[in-house]
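Quick heads-up: structures coming right below.
Next come two complexes, and both contain chain A; in the first it sits with chain B, in the second with chain C.
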Partner chain A sequence: MPINDLLDTLNWKSELLSTIIWCLLAGIGFVVSYLLIYQTSRKREVARKDEINRKFQLLVEKALFFEPEEGETGNEIIIPPKFEKFMRKEVYRDFLLQQIVDTRKYISGIAADHLEELYLQLNLHNYSLKKMNSRKWYIKAQGIQELALMNQTQFAEAIQPYTNHKNSYVRLEAQAAMVRLFQFKGLDFLGATSYTMSDWEQMKVMEQLPKKPPQETAAIKEWLQSTNQSVVLFAMRLIYNYRLYQLHDELAACLSHPVQFIREKGAKFLGNIYNETTSALIIRRFNLESKRYQLEALNTLCLIGDEKNIPFLYQKLSDTDYDIKLAAAKAILESIEDGRALIAQHPAAGTYPLNSILAEFKAEQAA
Partner chain B sequence: MSWQDILADIFTYSVLAYSLVLIASYIFIGIYSIGETKKYIHKNSFVDYRMLAAFDYAPSVSILAPAYNEGATVAENVRSLLSIHYSNLELVVINDGSKDDSLQKLIAAYDLERKPLFVNPRIPTKNIRGIYKSRNPVYRKLVVVDKENGGKADALNVGINVAKNDYIICIDVDCILEQDAVLKMMKPFMENAEKKVIASGGVVRIANSCVVENGRLVKVNLPKQFLPRVQTLEYIRAFLLGRMAWARLNGLLLISGAFGAFDKDVVIKAGGYNINTVGEDMELVVRMRRYMEERKIPYVVTYIPDPLCWTEAPASYKILGRQRNRWTRGTIETLKLHKRLFFNPQYGLLGLLSYPYWFFFEFMAPLIEFCGMLIFLIFAIFGLINWPFFLLLFGAVVLFGYLFSTFAVLMEVLTFNQYKRRRDTLRLLLTAYMEPFFFHPFVVWSAIMGNRDLILKKKGWGEMVRQGFAVNKS
Partner chain C sequence: MKILVAEDEPIMLKTIELRLKKDGYTVIGTSDGREAMEKIDAEQPDLIITDIMMPYASGLEIVGMVKQQQKKDIRIIILSAMGQETTVLEAFDLGADDFIAKPFSPNELSMRVKRLLSK
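Moving on to the complex of A and B:
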């Protein structure tokens, strides 16, 4: 259809455009109004929360430093009636709960016990439990986190099923909660989890564990045999972090694991619990493995610093890969007193990259 | 019907179809980004980043900061980067053959001495003249590399060769990073158990008129000048809406060169930065994605919507024009280099959606718009315009743009709310309503110039003059 004829018959299209324009104007008006109303109400809410928080801080301080009067046996902290009023409104209840939980993260000992008492007195444990039973994943995970942080071991049975939840955040909070509440015993979920634990999840769970090593290691041996590779990796990390020398052979067995990254981590983690057999075990697989394995192995040999490894390391100075050469040279330096002199004897010592590597070592030693 | 009529119809309906698809894509982006932003904010409410900061086994990171003629501010900028919270961190500053005293300033400020460090030349680069480390153990994380001038891409490749850690964060040295920026950028690399995270993009925000003290941003202000302010709005639209939506689809093609994190191993295997394009940031991401697609390795490119990086935006049309000209050339060069992806099902979403979108709606859009303006002028001169209809159509298009920008401002207020004052919100909205008349035509013109310069084989970045932040030294 010619353009002019098209334009001449555009009446209905002009009406359509007019309608669209009115809709767009209404949309803009709606969004702008919502925006301005939201800002106003948020400002008011922030001011209100500040006011509540000021009063609440006094209550928290009272709880933290609470001591029953002489002759009294009860542990009840006296809560002003106005707080009961605040607690009825969800937004303020959430806010106060968050203040308690945030404070709890930074304290321990008797003060923490008192804060937990306040949490119970304000009936917030039931609120956290209700959150845990919410259908929304982020509310559920928040509830679990609160219960764990406030040391509510009585709800452990309710939390436990969530350690294998399909949502990774819910799962993580539940796993971290069990470990926080029961330390190494809380790791029992590892035997049943059907999901892969990401590095982040492993790190968060690890962070909840105590500094002292576990007494029992039978469970760790089981986890090393898991079909879930992330569970195997976590078990290896436990051995590495806690220097469980008694599990050296079990960790060394991971060097033959069918999965490549497990073997690579095995080569790395053995560096923390090595014995007289470690070097030979690592070297045995060296030429069959990936570059990452080889670099981890060389770093481990550097840590071990055994003179017996020198022939192997010296041979690696001839490797075509510069990273391997450098790692081997560093290991030689750590294995014998005058490692630099030995490297300098290499036929390729006068050429790049060995000459550059030697210059770096010389400068380091001079410094 | 004559052939002229047929041609005219084809042209008209093609432009109409193009416009409708473009509008539909904006609507889709706006709605689709909401879910991803909500999910991110909910996830963030659980995360204790301090844990990652102190954890010995957190991923090791090297920040790469190329510097060229930054003598006025480089020492302060480096100080700011050294104060970032993260345990396993190294900072590699690459002096790309500066003609000023950038290197001397760094040597003096950080008590640097030259060290004969071995560097594995995994990626070919221009010569390194020297590597410097500090005598002071307080600055043990700092490595300064002096090299022959070779451009930003070459400088970054040198940084990759020098970096000893597993992950790299590439930034502009004059960007200000939030203290927890590295923590937030590294989390995605750790939390995806099913797919390999190869890169993570961060939000770049406009720091004009913000208050900076000792290299740290202490007060966020909306830019006073119109140009930086309209770019603030543009960045909010692009980062908060556009990139969130693309990240949710796992179709993100671009990570800002001012702030992005990468798996170093994949970067090296993909060949490092391409020194023959001015769009090296986009080109690297496309190449890394291609590398993973061709090997059928499950992967993801993620994106963090938190405001973590602040930079100075051009405040004059001249500098802005150079920037947009370069962005256009970079986009076209990248699209040309990877034309194999175009509607190629072998590359999945990358070939079937991401690349075609960039081709049609990022590359072609300014050209179509410019042609449309020219045709409009010709029709107007010959009295061929149905003015009432034109005004209606024009009004609808402009109002749609207003709605999209207003929605972007709403998203900003609902999420990160950097500009808290009511006055700032209203100023942003007013800026949005002025944008189609005082900013957008200039951007289109700059893109046309970019196309022209590419055809004329003009290379280079052009001089990007910066004014510096509003500094308040305590």
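Moving on to the complex of A and C:
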């Protein structure tokens, strides 16, 4: 009968529908429960990490402001036993290491010594060493940086080969590390490096050097003879930055170097360690050299301020290049008391740029 | 005694605060120059320790503001990184009382603070 068929169909459909609804509800319940459990577990994990972070911070603070008990002379910081458990997990070890290293960057003196002691007590030096031996360059570089920051001179032999590594980041970290650990003695890698040191790399290595000049300069003389032009440049920068007057002649020899930019830098750097022969040496090459050399030379003559150079400088006021004219005029003003009067005598004194420099000088004098 | 510390590097700020709190001072910390100036007006500290390079207002501006307002009793220590010699000289010109180079020794900082506050 059709009604019975219809009722049967309806019963079947409603059962299917209710099954689907129950399945959906069960699914939603499962997802909601999973999310709740996951959230709770995450919150616990975050709270645990915060708690561990606080403990790590307390340990670092304890090391920073450590004072031995009365009667004790040692530097050993008492580390709670639970830290051994933390040190077994890489994520916590990394975290604590980062805290110690980041703090060490800003601290010096006894507090720094205590941080280094803590680093050793927790065996983190072995972990940094392991990083240094990693195949991944960024981990390797990080390991080297950590060892240097934490003053681990005992690993210098292990770091040394990386000063000539093919990866520039690893190389720079190793070079900076050696200098940080051993100051000028750490520059020995310059004798063997086969890669070019960029200006940036030279600056980063130079930053690690002490303010006091080096006692020994024999190595600098050798580096000036290097076939690696960047090493020659670095040696010249050392002479310039530390005003090593005793190396004047060696630096002056760079004015005859086969490479142009070395000659240009020579003309500049001599300005910091000049003597009575410097201006003649610079002027001798003037007409053979590039415009950059000429401008550097004129700036140096400005610094030297010697009356002997006046005939040469006066002649340069007639140069066809405005920049050369200007630089020569400035050098004259610095070299003699009445430089303005001398420039005013020049046939081109009424034209640019000489008239401009005379006006500027007059305004400065008035002020 | 109240000390205001203006330093945008969190680890340095924390370390300085800890050291000074250990010495028994009340410490007000801030990590930007503008907030530092507001807190100087509000809290009237006895001594200010300020970094030179900071967001919104530099350490030099802070020194200038304090000395211009003739807050002569407020001592100022400048924190400077290596290579900032001319800026340090400028700070002294403006009226700063002392400077400490970074990286710094917390113990040395403590002694310098003690010395300045005892004057």
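Some observations on this one:
Basically, the second predicted complex is superposed on the first by the 304 of 367 C-alpha atoms of A that agree within 3 Å, B and C clash if a C-alpha of one lies under 4 Å from a C-alpha of the other, contacts with A are read in each partner's own complex, and residues count from 1 in each chain.
Everything that follows uses one rule, which is that a contact is a pair of C-beta atoms (placed from the backbone, for glycine too) under 8 Å apart; a residue touches a chain by one contact, two chains touch by 3 or more.
What you are looking at is a predicted structure, and each value in this text was computed from that prediction instead of being measured.
When the shared chain is aligned, no partner comes close enough to touch A:319: not chain B, not chain C.
In the superposition on chain A, contact is made by A:108 with chain C only, not with chain B. After superposition on the shared chain, chain A has more residues touched by B, the comparison being chain B against chain C. In the superposed pair of complexes, A:289 makes contact with neither chain B nor chain C.
In the superposition on chain A, A:188 contacts neither chain B nor chain C. In the superposed model, A:117 lies in contact with neither chain B nor chain C. With both structures placed on the common chain, the touch criterion links A:94 to neither chain B nor chain C. In the superposed model, A:138 lies in contact with chain B only, and not with chain C.
Once the two complexes are overlaid on chain A, the chain A residues touched by chain B in the first and by chain C in the second are 105, 207.
Residues 1-4, 6-7, 10, 13-14, 17-18, 20-21, 24-25, 27-28, 31-32, 34-36, 38-40, 105, 137-138, 141-142, 145, 168-169, 172-173, 195-201, 203-204, 207, 230, 237, 322-323, 326, 353, 356-357, 359-360, 362-363 of chain A touch chain B in their complex.
Of all residues in chain B, those touching chain A in their complex are 1, 5, 8-9, 12, 42-43, 45-46, 48, 51-52, 55, 57-59, 115-118, 120-121, 187, 189-194, 384, 386, 388-389, 392-393, 395-396, 399-400, 402-403, 406-407, 409-410, 413-414, 422, 425, 429. Across the interface of their complex, chain A is touched by residues 9, 11-12, 15, 18-19, 22, 82, 102-108 of chain C. For chain A in complex with chain C, the touching residues are 61, 64-65, 102-103, 105-112, 207.
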